[in-house]
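Each of the next two complexes has chain A plus one more chain, namely chain B in the first and chain C in the second.
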Partner chain A sequence: MGVGALALLAYALAFASPYGLRVLTVAGVYALATFGFQIVFGLGGALSLAQGAFFGVGAYVTGILGSRYGLGFEATFPLSMLVPLLLALPVGLAVLRLDSHYFALATLGIAQVLHLLAVNLPELTGGSNGLAGVPAAVLFGWAVPRGLPMAGLVWGLVALGGLIGWRLARGRLGRSLTMLRDDPLAAATLGLDVGRLRLAAFGISALFAGAAGALAVHTQRVVSPEVLEFPVMISILTVAIVGGRGRMAGAVVGAVLLLHLPEWFRFLERGYLVVYGAALLATVVLAPEGLTGLLDRIAARLAGRRPRAMADAKEPPLPPIRSEGLTVEGLRKSFGGVRAVDGVSLDLRPGTVTGLIGPNGSGKSTVVNLLSGLERSDAGRVLLGGREVTGARADRLARAGLARSFQAAALPQGAGVLEAVAAARLAFDPDTATAEAHARWALDRLGVGHLAGQSCDGLPAALRRRVELARALLRRPAVLLLDEPAAGLTDGEKAELAALLRELAGEGMAILLVEHDMGFLLPLAGRVLCLDRGRVIYDGPADGVRHDVAVSAAYLGSSRSNPAVSA
Partner chain B sequence: MRRALSLLIGLLAASSCPSSAVRADDTLSFPVLVPLTGFLSLEGTSQRNGAVLALRQTPAGVAIASEVVDTGTSPEAAVTALERAAGRGTVGAVAASMLGTQMLAMLPLAQELKLPLVTVSGTASITEQGNPWVFRFFPGDAVTKAAHARYVVEELGRRQPAIIYQTTAYGQSGKAHLDAAFKALGVTPVFEEGVDPAAKDLLPVLTKALAAKPDVLVLHLHSSPTALLLRQAASSGVTLPIVAGSAMHQPSTAALLEPAELKGVCAETAASPISGDTPEVRAFTDAYRAAFGKEPDAFALGQYDGITMVLEAVKAGARSPDAIRKALSSETFKGLAMTYKSDGKGNMAHSAVIVCYDGASRVPTLVKRYDDPTLAAK
Partner chain C sequence: MAALQLLVNGVALGAAYALVALGFVLVLNATSAVNFAQGDLVMAGGLLAAALAPLIPLPGIVLLPVVLVLMAALGLLLALAAYLPLRRRPPVSVFISTIAVGIILQNGAAILFGPEPRAAPPLFGDDTLHIAGLAVPEQSLAIVAVAALLIGAQQWVFARTQLGRRLRATAQDPEMARACGVPVTAMILVTFAIGTACAGAAGLLLANRYFVTPTSGGDLILKAYIAVTVGGWGSVPGAVAGALLIALFEVGVSSVLSYPMALGALYLTLLAVLVLRPQGLFGEAVRRRG
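And now, the complex of A and B:
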């Protein structure tokens, strides 16, 4: 990255013609707009097609205030960032709950509406012709001339914006957004407020886009509806993809390359588009992780991967007040005409392990989903630590002291083990370094501390389960819901897991264990509930379940003893 | 690292200082910066071809260079193209985009660089910026719409026009000028309605217009909507005379219709080269067809005339952009489409013509010429 920055500086100072400086300036404008897009799309995974529209709004604010009211850069620049932000917040509240493609379409709609307004409000916007005569950027009485000074202003702001974006990406926000992008459900169960995070990312993206729009107008000295049209959005999207999704350096590399590429082939008249398209296609095919990813790969091959410096393990603090456990009364949930959970009541007391069994489709996972806030119950009451939490969102339940694991260990693809586990503390710790120190403690406790520097990809099933369990434990929850944690483990590994769960219960944790493996579950659980077609058919001591007629019938469809339960 | 640094700087510098920039000192460059891609590519290509054809008439003793650069449709691309062109030798004048927003963006830079822009853009505001470096070789709406209204009222004797226009800057500007022109002639339209350029069915607006009992249909639409409305009018058995806007004169618009569907249709325009009303225009049309395998339109002819006037100035001794600007500002030039003379703001074209189709071919006949119709109307 340093080489690239030096090259740009040397080029701008010593080699660039006025034309070269203009292309470089425009590249800086697009880099700045793409920083915001990297946050909302690259990190947060939300394909916001409103980034071009926010760019246009920033451009119009500067254009109108500069050309009509004679305001200077000191006033127009912050306002060009503020107005898109004020637009993004209410719009975000309305559209951010939509799923991927609906969200993309909704944000595209925003751009269309703004374009129509720009064309049809000629008194304000100049209509289709736009507003000409926008003054140059005037900084404290100095009109910044085109050429090197303007390029310096734009790239100074690119450096500042890139630094802010880089810090955001590496900090709690960026890590939380990445978690959200990779697995929104798991993110919510780790205590991350999905809605607030998405709104924050959307707002930040609007700030960057507005800043870029303002600079674009000072570069062009005219603002017209073209700044709100789809090609601007496509350019930003292409810069992000080609440069490297989610990376600020990628925005710079992508913008510099994509703005210069057509210029290298201008001599081909309109044929340059064919070469440009082919070059883009080749880049996407050969470097699907973007040019910065490709450069990383090459650097790693040439110089080897440098081991990451890691913080020392540190035990996370226990919640100040231990919970009274979890109480559930008359829980009900239907999907269409199917009643998946029908009047389930249970009581998870601190220091106990409760088993939840039942044949496939009996509603066990639905109960765990309801208790962890991933599904909303139709009826019933839930108390966590003595407080009513019925219908609460997953992130609120998580912050109130509830943790869960998934049937298939939900670890983000491509993430490091330490990062994946530390994600569980992002909603609690002041910074990522603290979260990682706590994560190392949890990994050590699960006996997988040596995996901290490895990638989650390719971990064997047993290790994946341990890593996921470390993530669940990391928040020192009062209530732990485990969905088939012994699946795929060897007998030795199961014994280790059982010992750990006993230890956790001994510390006062209330554990609900959904499990098919009775040999693992029954010695561990003090009490067992059995579900059949959503209803509790057995609720009593673990010993009694082996001989219960209703349980046997549920598993075998007859009154004979159940070999699966007896095993 | 040193090697990577040199490579990066070299790559960037390659785009900034290409080899073609190196030219002999006495070479005058006339870059053609026009939209070859995007929604204006048809018209932009006409503009390009007109300029390129004109630049083949190299004045004796003067080295001429030219480069065609696609400006797309964004103002940003047009400004970048102008800055690029300015860095390549001595630029005499620039054949500049016909897209108004691109022209508005290029104007401040042209003034700073002191480069004359020669265009066929119809956007009124480009000559209202007080910028002495712009020259428009195509009549504005004030001229063409005055001719449009006068033909309807004075030649056809119709006084109850129904106006159908486009809801774009082009359409709204044309409608405003039509209103003013009809008012000056003491005529009030019986119907006026704007239609979106994306509308796929114009029968509803046509039906509403006919319900207002007009005695003539006056259109100010883009190319495709013009063709669509004419086809729907023909299939509905409309017998009223129709006088369309300049988009109708483009051979590419006529190609969308059968000759029979054009019977009785007239249109205003700056010129209709394919109508070949003079031997010089016929020679131009033949040369254009031979060079590009296409039919020329008024944009091609306007740009051809504009660049030809620039080259005439060069022949007369103008060797700098400022000398060319002075010549364009002060001289009168008899071009193929009309006689050009600046009004002090850079508006060079003050004539319009009316062409009509006979229903047997797609080549219209020039039926009326208006030289400075606005002055005449006053």
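And now, the complex of A and C:
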């Protein structure tokens, strides 16, 4: 990175013509706008097509205030960042919880409305001709002239913005965003507030775009509806993807490269965007990690992968108040007329293991989804630690002391084991280093400490389950819901899992186990509930379930004894 | 009477929009891929018709099959370049690859044809009929008839033929369809071809009365998208109804205020629909895929 910065500096000082400097300045402007886009889209996965529009709004704020009202840089620059932010927040609140393609559409709609406004409000914006005579940026009484000084100002801000963006990306915000990009449901059950994180990312993207727009206008000295047109958005998107998704260095590499491309394809005139389209398509298909990703891979091949320094394992603190477990009364949920869960009541006491069984489709997984807040119940009351949490969202329940696992262990693709586990403490710990130290403790406790440096991809099923369990355990939950944790394990592994669960219950955890494997479940559970078509048909001691007529009937549809139950 | 006149204009515009939305929904249902290039494909169809017109000096109805075939071929190319290599990747990869194709089409068209608006020949004639005091351009009638015919033919293929059954099976559950011996990749290619041919037809129909420029695609994809969102994501009848609705809205509001105002109001309505009823006005038709 240092080499690249020096090369840019040498080029700017020694070789660049005034025109070359201008291209370099504009490249800096785009790098700055793309930093924000990397956070909202690259890390957060929300394809915002309003980044170009926020850029345009920042440009118009500086243009209008500078040329019409004669305000100086010290006022216009912060306002150029503030106005897009104020626009982004209400819009984000409204649309950020939507599916990704709806979000793309909604942001595109906003961009179109803003463009229409700019063209159709000539008293304010100068209409389609725009406004000329925007003053230079004035810093401490010095009007920054075009050429080297302006390039210096822009690239100074690029360095500052890049540093801020890099720190955000590496810190809790960046990790949390990646987590919810890869698996929003799992992120919520780990206690991350998906809506708030996305809103923060969207707001930050608007700040960067506004700053870039302001600098663009100081470079051009005019502002016209062109700054709100789709090519700006296309350029930002292309810079981000070609440079490398989610990376600040990628934004710089992509911007410098792509802003110089049109110079090499000058015969195409405005059609240079064809080249952008082709570069975008080729990158998505052939090198989805972008140029910086490619460079990384080459470097890794040449120098070998450097093992990352890892913090020492540290036991995470127990939550101050131990909860009184989870109490559920009269839980109901229908899907389009089918009663999936019909009046289920249960009580998970601290220090106990409760089993939940039932034939396929009897509503077990729906119960777990309702208890963990992934589905909303139609009726019923839920108390967690004595407090009413009926209808609470998954992330709030998680922060209140509830953890769950998924039937198919949900680990993000391509992430390291330590990173994936540490994600479970992003909502609790002050920084990522602490979260990783705690994650090592949980991995050690499950006997898989040696996996910390590995990737989640390609782990065998049994190890994946342990890693996921480490993730659930790490938050020291008061209540733990496990959805078929023994599926696919060998007998030896099952015995180890059973011992671990006993130990956890011994420490005061309340555990709910959804299981098919009676040989594993019955010796472990104190109490067992059996569901059939959403209703509880058995609720009593584990050893009574084998001889219960209703349970056998539910499994077999008759009163004969059930081989699965009596095995 | 004025209201009736607006209705006639609105229905003709809506019929063309319906074709745009239909192509979009077909691809969406078959692949769960959101094709952001659909609007630019419509533009490409319009410009193709405008470019072919001097070579084949016949009414538009004769051009239509040529445009359909050429656009279907473009659809195959689109699937091969921008969808099939990415089918195992997260959906956002396909958003971006289709955005990229849209950029290439739009700016390629600008290089080839220049930025001037162009018109395609009318389907039959340019005359305007006067029926009971209403001015009904022949082209409007022809648009409605051709769009209805194409949509009807498509419904027939989907409902009644072996190909249609296979296409529907692929749309419903590609894994299951493959297990049942349906050649899923071929079906996806066919879907892209039909969807793009729809876009081509819409382009030809729209490019006579409303002209076409290389940048027309952006507005059209938004309208297709709005029609599909309003009609219920993934619903074919919903998309057609949604297209008619937005065309009537556009024609109605522009007659009272202005076209930009109508467009602005349309986008604001869309935002309101997304926030208040993300499942569409008529309910969600497509279930979520894993």
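General observations
Please note the rule applied: the second predicted complex is superposed on the first by the 547 of 567 C-alpha atoms of A that agree within 3 Å, B and C clash if a C-alpha of one lies under 4 Å from a C-alpha of the other, contacts with A are read in each partner's own complex, and residues count from 1 in each chain.
Methods note: a contact is a pair of C-beta atoms (placed from the backbone, for glycine too) under 8 Å apart; a residue touches a chain by one contact, two chains touch by 3 or more.
The shown structure was predicted, so the numbers you read here are calculated from the model rather than taken from an experiment.
Contact with chain C, but none with chain B, is seen for A:100 once the two complexes are overlaid on the shared chain. Of the two partner chains, neither chain B nor chain C is touched by A:361.
Once the two complexes are overlaid on the shared chain, A:319 sits clear of chain B and of chain C alike.
Of the two partner chains, neither chain B nor chain C is touched by A:72. By the document's definition of touching, both partners, chain B and chain C, reach A:273. Residues 119, 269-270, 272-273 of chain A are contacted both by chain B in one complex and by chain C in the other.
Residues 34, 36, 81-82, 85-86, 89, 91-93, 95-97, 99-104, 106-108, 110-111, 218-219, 222, 225, 229, 260, 263-264, 267-268, 270-271, 274-275, 278 of chain C are the ones that touch chain A when the two sit in their complex.
Those residues of chain B that touch chain A in the shared complex are 1, 4-5, 8-9, 11-18, 20, 36-37, 41, 67-70, 73-76, 79-80, 83-84, 86-87, 100-101, 104-105, 107-109, 112, 123, 125, 129, 168-170, 172. Note for the complex: chain A touches chain B at residues 3-4, 6-8, 10-11, 15-20, 22-24, 26, 119, 127-130, 132-133, 146, 216, 219-222, 224-226, 231, 256, 260, 263-264, 266-267, 269-270, 272-273. If you check the complex, the residues on chain A that touch chain C are 45, 47, 94-95, 98-102, 104-106, 108-110, 112-113, 116-117, 119-120, 230, 234, 237, 241, 268-274, 276-278, 280-281, 284-285, 288.
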